[in-house]
Each structure stands twice: as structure tokens, then as C-alpha cells.
Amino acid sequence: MSDPITTNSLSRRSWLRLAGAAGTAGFAANMSGVEVLAEPALTTALKHSGKRVILLWLAGGASQLETWDPKPGRPTGGPFAKIQTCVPGIEISELLPKMSTRLNETAILRSLNTKIADHGTAYTLMDTGRAPEPSLNFPHLGALIARELGQRDSKVPDYVAMYTSTEGRRQGTAGFLGGRYNPMFLTDNMIPADIKRLESISDADHQDRAELRDFLASMFARQHSHPMYDAHNSAYQRVRGLMTSDHLFDIDREPQSMRDHYGPTQFGQQCLIARRLVEAGVPFVKVARAWWDSHGQNFETHQELCADLDHCLAALLDDLKARGILENTLVITLGEFGRTPKINGSLGRDHFASAWSCTLSGCGIRGGSLYGKSDKDGQNVIAGEMNAGDLYATIFSALGIDHQKEYMVGSRPVPITDFDSEPCYEVLA
Amino acid sequence: MDPKNLNLIAAWPSQDILFCLAGSDDGSLLWLGSSDSGVYEFDISKEKPERKKLSGPGHSSYVTSMAKCGDKLVTGGYDKRLIWWDTTSREELRSINAHDKWIRRVIATPDQRHVISVADDMRCRVWDVESGNQIADFSDHAAITPHHYPSMLYAVAVSGDGTKIATGDRVGHVAVWDAAKFEKIAEVETPVLYTWDPKQRRHSIGGIRSLAFSNDGTRLAVGGIGKVGNIDHLGGPARLEVFDLQTGDRQLEIEDEKKKGLIEQIEWSAEGDWIMTVGGDHNGFITFYNASSGQLIHQDGHSGHIHGVWHDESFANIFVAAHQRVSHLSLQQKK
Amino acid sequence: MWLDYHSGAQLTIASGVLPPHPTFRIQLMRATLTLCGIIITACGLSSAADTPRDLARLIDGHIDQKCPDGRQAALLSESAFIRRVTLDLAGRIPTVAELEQFRNSESLNKRVELVQRLIDSPDFAFHHRNELDTLLLRRLEHNDQWRAYLLEATQQNRPWNQIFREIMLPEDACPDDARPATFLRRRIRDLDAMTNDTSKIWFGVNVACAKCHDHPLADDWTQAHYYGVASFFKRTFQTRNGSLGERFDGRIKYMTTDGDELEAEFMFLTGKKIREPKLELDEAKLKEYREAIKNSEKDDKAPSPPKPDFRPRAQLVDAALADTEQDFFARNIANRIWARMFGRGLVHPLDQMHSENEPSHPELLQLIASDLRAHGFDLRRLRQAIAMSDAYARQSRLLDDIDPPSEHLFAHAVPRPLTPHQLSLSFRIATSNPKELTGLASQNDWEKQRQELERQSEGVARQIEIPDDGFQVPISEALWLSNNPQVERDYLSASNNRLVGYLGSIQSNEELVVAASKSILSREPRPEEQSALVRHLESKPDHRSAAIDQVVWALLATPEFRFNH
């Protein structure tokens, strides 16, 4: 049988009727109202299986000058030195000593010019790969990845986002892909809400009533058909599976040595949860590390936050590598923008989107590569300029997803990356 | 001298950030430590003073602090080095890899035979000015904050008689030391100077940025910033605490909601009747408090955050090193 | 003026007396737009329909005319109709008592009577309030004061143009009431938000992309329009005590795509420009006024700030409501109400009113918009008329039609997810003891009860996603209903005043299942359902109360409950 999402409406309906007749056998797996122009057969979907993404979201905007693109000695450079890394010719800030010895699986991109430098709009830009368009609710990266890499019958969530700090907390949306791909969004508590069965109901009863519900839903489906009903059923049919994944969020199940490896900070613990999730097959995990918005005291802020980033990123890459899953896991460090080269009166740096950096590690990435160049003071990109769409094209290419793939939203074809986006082949394996 | 007489005599704008300065005994020459890693002589007796860079390999990062000992100048910076300069020849005499992390403050003992440095390796080190030898190395400051971040050791002071040293760190811990034995003799806690934001932004701001003994050595002033709501900015009150070292009591606790930001340096009047604080947020301030009552005597804003101050004994000449400027002020009544 | 915007469109109006409906297709005379404009002007918008029922017939005429022969879905059963219309007019499912009362009525006019009763019920105002709150504030904030204001407005059935004036110009329309200013206050720091949201919500026009370039799809929207509308808000400020004011000066400059810098004119979406008279104030006076405004922004005890003679936002309100420009305003709300009742707009998406996105039924949209204008923007009347139409009462798409007519023809109903408030209130109603909670059927203190239900359902409503086009129930909702202790506590409680408690008192499993189905799905169970649910109860003789819980839960978790179909 072909993938029901991509077939025409007639056979889609036939399939649904079949599903209805089969009672609780299952509803359409892909519930979005979106059709895909370039029809990937199920086999293509299988090809992606096993690929994962961990996005370390540096919320508020980390300074490229104190991380991946240092300019010591320049008026804009700040006080910190640069250090030689394990890759000849690549130097990074001394605030990232652990990462300096672990660039073999990592590509640094120093030439993002994304132009938008207010938090809200830039967040949408960098988390969707395109500028917001009022008439189109574009999905965020996690939803796109969940849609492309998720398994239809997966018993694990396919888009988990952690954002503990309250500043700049924004929940990504699945936009036109539909609520099926909305994130499981964790804020205060690292165990997802409502994932545990209440003690007052036995497991058998919990299952019985779910089956009763499925039966009633199938009766309804005999006379009523709509993608929204399918999505509703799909959500309920995933409940029992997701409930078995609660242990993934429990880092107490890790040996003490492993917890020590990630360190005591909350970011470290969340990176460990992220590793547990991707190992179990969750295709997309976002760990937001807020808040880097260092308008005052930029250097002290980066002394603190870079130490956290350096340790946790290094620990995560080491662990993924040791488990043999780094080659299938793309680890991204990215925020909504970078910070101004100009140092303000409070020894701070302000919002800056004209020449900033991000990193890609692991899956599909040519390790030890460096792409793009900013000028000597870091004010402008002078080589390899990339925008958000180019970065997204690169991310999709690294994961084996056709970056030119189109979704049909109503009657409008919408490419998965913005028009004219080009992957950065130089950093792709 | 009456703080109410504070007036601005001259200001010299620049492109760089000035973190520290020292003056010659007659007040005609200044030495400046810059964000461009240079150490400069600045002859203000000239109508259009020009900077002369002291020569030598010098520093490779921000010059954060300096101490003048006779004709020698000892500077420290983010390159972790202490550098000795001959102020007469304007040449580098000696360069020492003094700390494992960024040096925050260098001061001279009253007899000018020693300099004392503190750095983010959380060590306080005492150096012989003549030989450059390290005399002592001590610390009472945790390298990691309770919230698992690297801590910082910003401030050090020595008492007027040279018998006591105080060191103050990021999380508000002050240790007072016997300057002969380098043993800890007292502790003071100023937790309000450290703002940890566990909820909104999950990092911290603040720290003890300035320490100063009263001239009789019985009291210790501690400066920084009070609780900050939004730690993206220096939007908290400038905060000064004064402790009686005999009893350990906090005698004064002053917060200035008007001129906000960090108190970067504290100076006591010769009689010990008032305290001058300098610092700032996006801009600078100079504020004078009554040292007994804590009442504000006088304050003025300054164009640019003030990082360092140097003054002569009478406060007739006060020079501040600030963000993109050096200014000359005075407590002498304007003619 | 609005005619310029639709020069390509043809407007159809009804001629003469309408033949009875639905037996005959309405014969319509086509008139050109210009002609229509003259007619409308000439007869001063004299009502094409006197009563809501007349309007309903006209609506059906327009819908029937476009629909291919014999392709319209059948009308709903009585049970299905009362569920749909109660959800749409009262914002909740019907109680069992209401259901039975309706079914038992022998009146030939029972549907019309039901609609009238719902329209007159206290529920209508609450429901309409909840919808307005979602439309105007989304979830930018939850504000009880603001919600109380909206409730007063809906209880009094305040005309929509008056609500618009109160919200957009509160300092004039209700100077002693800070509540309606919430809409602008919430957006006051963001000129783009004031511009975009005002255009979208009140005029159905999304001008956001015209900020940076002329609209790519519609020639109608240029940068001049965007900045034209933004100009009306440029001078708006908020005083410390929460009221609004306007400054004496301030114009917007913007860069065109060609790189020219232009000063924006005060221009409404219709292209109507408003000239600013020269400010007759000397520098000293101006400085004094500016100082006074500054003070009012900082100090809540400062005197009211001075008001300039020329106030752009006041100009916008006047311009939007002027006879010649009012069409945008009227068409937008007509279209939004239509969409609330039918699941999609006559213009769809709702914020894409422009010449490249023609209405599916241009004449019909014009009809209901004109009817609103002619009847003092009485939104209740329009909802009532729609609810009385046959078009509204059709079944949703059925599976036996291999190639059903497109949704935009309104030949069948489009299923709609319940809104957060509808769903939360319906959970409450469905799980109440049907003997105690009878609603409009017999409760004298129903308004008080309804208020209490609003209060109880607010918390859950806030957690539920606001449905947009292409809505999908998120997994979080399914997990919540499956495992949240609040569900067990509030919906599955076995106390006597709750459904589970009531069902526990019924001996016969067959009767129990019927009662559960009527409470939750507003209908009797089908035979297969009946036997499956009875079997479930019989399979757990040892823990009957748990089995009842499960039956109730399973019914609540069906798509049939989750949607208005």
C-alpha cells in the first residue's frame, strides 16, 4: 500500500473507509491537511529512519565573538583570547576550551546574515527558516523534522522541546502541518505532563477504555470523514505508546558516572535527557538554553554561559560518539541572532544579525570544517554569506531530506526551505 | 574639601575603553590602561594632551588595573600577566605570567614595596615590586558558584597601615587577611551584591567590584550592585555596604535607585567622614556618602561608565577612567 | 470609496418579492456594481429583508443558486440540529432536558422557536463575549475587567460599530471606563501590532507584508496603505492610569522598495486620505503640551493630558465608519460571523479580503453586510438569521458521496472543532447530573448557573488550543484527557450532582447507556454502540463504578464530542 498522505483524495478516502471498517485497526498515520507534491514513497521515509536532530537553542542570542568567531586585539574583540583547536587553522574563543579539542565532527559557520535583530521576529525566522508571512503559519524546525523523520506508529514523541527559563520562552508550532506535530513542550517539569497513568485506574482498564473510545470513533467514522477527525484519533491512539516513554525523561536511570559526565547544571541534565530521547528514536529534541541577551556585562555573562555550553556540548558529542549514534544525530547550536561587535557603555553587546555564527555537528556534516568569513572587526560577512533559508537547506541536506521538497498548503505549493535557498555543500559530508 | 564642590574641569574623549589610571605625585602625568591593550602616559599639563604608549611587548588584552610604586608602574589584564614598567623611560621592565585566569585588580601596599593581584583563578597573590618574586598566594574563594558557574574574584584592598588585606568575589564573599602571615582573620558576607536569576534568565550578575578600608583600618566598604530585576542590563541600584571590622556588624547599607549600576571603586576621605564611590550602568556616576549616617552628600552623573578613579590626597584633582573618556574633576571650589 | 475596490465584481441583488423557499430557486437580476451602488445609496440601504427569517430565506436563495442540482446534503436530524445550534448560539452542548423539550415540541415552527429562544437566552451573551475575547485579544492576556466589559456589551447587544468606537477610541467613547482600552493598550508598544491587528480583526485585511513591499498577491495593498494605517496609530500613547491619548505631532517616514524615503499620509484601506490641518501652536505651547503628556505617561496622578484638535486615531474611527467607507467594516464582521456559523468564510481566509481573493458568494456577502448596516450592526440579528436558514442546518459531508461539492459552496456543513470555551463548558454540561442541570428547559436561575459554569470552565479553556484553519487536536490534549487528575476529579466524579453519580443509580445497563449517550453526544446510541457499551459494563461486574467511568470517558473522548459537525 502506498503512503496514504501522498495519494490522491479518492484513494485516501477509500483507505479511510477501510480503516473505519477495520474498526480500531488504525487511522491515517499522517494527519496533516498538507499534501506533498514530490511524493516520497514509504521506502524513502524508511531511508531517513534513524536520523535525529538535537537543537541546542541559545536563546537571547549568544555572542559569536566570545564563541566561534573571536576577534581578539580588535576594538570589537573584547578581552578574551582565541585558542588553537584540534583542527589546524581553526581558532575559537578561549571560553570554549573543551570544544577546542572536539571539532573533528563539527562544522563552524561564521557567515550568517539574517538581518532581523528583534527577538520575536528573529526567533520565528531562525526557528522556521524564513521570515514570517502573515497568511501562512509556517512550521517550526522541530515540526518539519518530526514530519520528515518521524515514524507513523512511533511509541515515542517525535518533537520534544525543553525551555525552562521564562525569558523569551516561545513554544514552536507545527503551523500548517497541524497539531499532530506540535512539540511536547517541557518547561518547569522535565517529565512531560499527563504522561503517567493515574493510580486510580488500572492499566487494563486504561487500555479497555481506550479501545472502547476507538470503537466509538470508528462508528462515527462510518458516516463522517474529515482530516480533523483523523488527527483527533491519531492523537488518542498515540497516548498509550507515549505513556511507555516516560522513563526516557528520567535521568536517575543513568549511572552516576554518566550524570557526572554531563555535569550538575540544568542544561547538562537536559542534554542528557536529549541523548536518552534520540537514542530511543525521538527524531527532534530542542534544548533551549536561555538567556544570553547580554546588553550589560557581556563578558561576565559569557564567562558563565560559555562554560555551561562548552561543557555540555562537549559531553553530549562525546557521549553520542561513544554510543555510535553521532553519525546519525545532527547537533545544532543556534540562536535567534548574534551580538554586536560594538561594545556598549555597560560592557555589553546588543542584538546583531549581520554576521554571526552557528555550528553543526555529527550526522551528514564534514567534521572540522569552517565556512564563511566575517571582516576583521566582525561587522560584515565577507565570504560565504548565508541566510536562514540556506542554513535550513544545509540542515535538511545533512539529514538526507530534499531541501526543495514542497508541501501543498491549500492550493499553494510551499517549499520546505525558502525560495532560492542553497545548502552549504562545503560543510556537508 | 566639600564633596558638594565637585566640578568637572576637563574631559578627553577617546575611542577605547579606559579601565584604570594612576597619576604622578604632582598630578601632571597620568597613566592609563586601555581596552586596546595599551598602557599610556598622558601629559595633562599640555594644552592638548597626547597619549604616549609605553613600549615593550606589553599586554595582549584589556588592561584592567594598575598600581604605581615610585617610578614603577605594575599593570594587570585579561592576558593573565602582570607587567612592570619604568615610568621614566616608558619601557617595559618585566612581564610575569601571574595568574591562570583573567586579572581583575592590582593594588600597591602603602609602602609601595609590594603589589597585590586578584584574578578569576580565585587566587590573591602578593609580589615583590623590586624583584618580581611572588611572596604569597592565598584564597578563600570557591572557583565555582553555588549555581555551578565559574566564579570571579574582582576586588582587593589593603589597609592604610598595610596590616590587612581584603578580597571580595562574585558571590559576595569577603575574606580579610593578616597581611604579614597571609592568614584569614575575618569574613564578611554581602549576598545581595550577587543576583542569581533562577527563573527568567538562569545566570547571574553583580559581584563585589570594590573594597576599601577606612583610613584607620577599622571599617571596610564593599561596593557593587544590588538586586537586579532584569539581569540583561545593569539595572539595579548601586549598592554600598560598610562593615565594622571589630564587631563584624554591617554599619551601613546604601542603595541608590537614582544613579544605578556597579560601584567600581571606593575612596575614603582623609578624615574618614565621607566616602566617594564611582561606577555606573550605561553611564557613570560619582557619589559621596556621609560615612557615619550613610546619607547622600552629593552626586553627579558622568558621561560614560566609570571603571577607575585616581585622586591626589586633597581631592583637588580627581581623574576617572571611563568608557571612551578620561575626565578631570575636583572638589576644590570653582574660581 | 469602496466601489473602486471591486470594479471587476458584479453584485447581484434580489428583485421584487421572493418566491417561497426552498421549493423555488430565487430569480435574481444581475446588476452592475455601479448600478447597485446607486440603488443602495438611493434607497438608503432599505432592508432587503425585514425579519431575520426573511434574511434567512435570502441567504438560502444565494446558496441554492450556486450549488449544483441535488448535491446539497440533507437537513440535520432534530438531535443533531439542537446540538449544532446550541453550540453556535449558546456556546455549549444542550442539556438532556433541552434536547427532550425540543424533540417533544409539536410546534411546526420549532426550529425557529429554538433559535429565538437561544438568541434571547443569557447563554448567548456569554458565548458571544467569549468569541469576541478570542477574536480581539487572542491570548495576549487574560483580563477579567476586559471580559466583564465585553459581557456588558454583548448582554446589551451593543451595536458592533459602537463597540468598535469604544475599543478604538475609548477616551472619547467612554472616558471613565479604562476597560475597552485593553485592546490597544496590549499592543501599544508595537506600532506594527496595532496596525496589523486592527486591519485584520476589524477590516479583514492583512496588510503585514505590505510593510516591506507592495502586496505580492493583491494590487490593493501597497506600502502606502500599510504606513497609511500605521500613521493613524503613530501618535497614540498610554497614560499611567491606563487611558489613551494622542500626541500633537509625529509622522511616519518609510523607505520604498526603490529606496526612496517617503512621509506616510493618513490613509485608510479604501485609499481615502485625510489631510492634517496645520498645527496652530507656538513652540512654547507645544513644549508645554508635550511636557504634560510626558507627565501623564509617568504619573498616574497627573491631570488628563491635553487633546489635540486633530487626532489621527479618532480620524481613523470616523473614516472607517463613514457611510462611504463603511463597507470594509461591515463586510469583515459579516464574513467573520458567517465563518463562525459555517466553518469557513465567504471570503476565506478571513483576513484576505482583497481583489485577488473573491468571495465565494459576492452577492450574499454584500447582502448580509448591507443588512447589518441597515439594522444598526445588530450582530444578534445576523446570527439568528443564519441559524434559521436551511443552509446552516445541513449535514456535514458524508462518505457515500464519492466527490462531494467543494466546501466553499456550503452544500454541506464543514465540521468545526469546539473552541476552548465551547469544549470546556460542554465537558461540564455533559458530565453534570442531567436531572439537576436542565438549562433553559426549566431552570429559573439559569443565568446565575451559567455564570458559575463559565467560572468553572475557565481554567480548562485556557489550556485548550484555539483552533485555526487546518486544526489538529494536539497530543497534549489527548494525554490530558487520558491522565490528568483534574479530569477524574471534575468530569468523572461519582458525586450525586455529576453524571457518573447519576448513572450509578440506574439499574439497567441499557438505560444507563442511553442516558450517558444523551448527556454526552446529545443522541441515543446506535444499536452497535448500545451493545458494545452494555457489553463493556457487563464485562466488569466486580467494579461497576469503574466501568461507568470508562463509558463516560470513552464518549467524552470521541471526535463526535470534540467537534461541531
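In this document, chain identifiers A, B and C correspond to the written order of the chains, with residue numbering beginning at 1 in each.
The rule we apply is simple: a contact is a pair of C-beta atoms (placed from the backbone, for glycine too) under 8 Å apart; a residue touches a chain by one contact, two chains touch by 3 or more.
Keep in mind that what you see is a predicted model, and the values were worked out from it rather than measured.
Student: Remove chain A from consideration and name each group of chains that's still held together by touch.
Tutor: Remove chain A in thought and the touching groups are B | C.
Student: Among all chains, whose Cα centre is located farthest from the one for chain C?
Tutor: Computed centres place B farthest from chain C.
Student: Based on mean C-alpha positions, which chain is nearest the centroid of every protein C-alpha shown?
Tutor: A
Student: By the contact definition above, name the pair with the higher C-beta contact count: A-C or A-B.
Tutor: Looking at contacts between chains, A-C has the larger number.
Student: Quick check: how many Å separate the C-alpha centres of chain B and chain C?
Tutor: For chain B versus chain C, the centre distance works out to 63 Å.
Student: Hey, how far is the Cα centre of chain A from the one of chain C, in Å?
Tutor: 35
Student: So what's the Cα centroid distance for chain A and chain B, whole Å?
Tutor: Using C-alpha averages as centres, the distance is 45 Å.
Student: Which parts of chain B, given as residue numbers and ranges, touch two or more other chains?
Tutor: Expected reply: no residues.
Student: Name, in rising order, each residue of chain B that touches chain A in their complex.
Tutor: 15-17, 35-37, 60-62, 64, 77-79, 102, 120, 147-150, 152, 199-205, 207, 232-235, 261, 280-283, 304-305, 323-324
Student: Which part of chain A faces chain C closely enough to touch in the complex?
Tutor: Contact set of chain A toward chain C: 10, 13, 17, 31-34, 133-135, 137, 157, 174, 176, 178-180, 182, 184-185, 192-198, 200-201, 205-206, 208-210, 212-213, 215-217, 219-229, 231-233, 235-236, 238-239, 242-243.
Student: Please name which positions on chain C make contact with chain A in the complex.
Tutor: Contacts found on chain C: 196, 200, 206, 208-209, 349, 351-352, 396-399, 402-403, 415, 417, 465, 468, 470-480, 482-485, 488, 526, 528-529, 532-533, 536, 540, 546, 549-551, 553-555, 557-560, 562-563, 565.
Student: Can you name the residues of chain A that touch chain B in the complex?
Tutor: 60, 72-73, 75, 79-81, 164-167, 263-266, 289-291, 293-297, 300-301, 303-305, 307-308, 343-348
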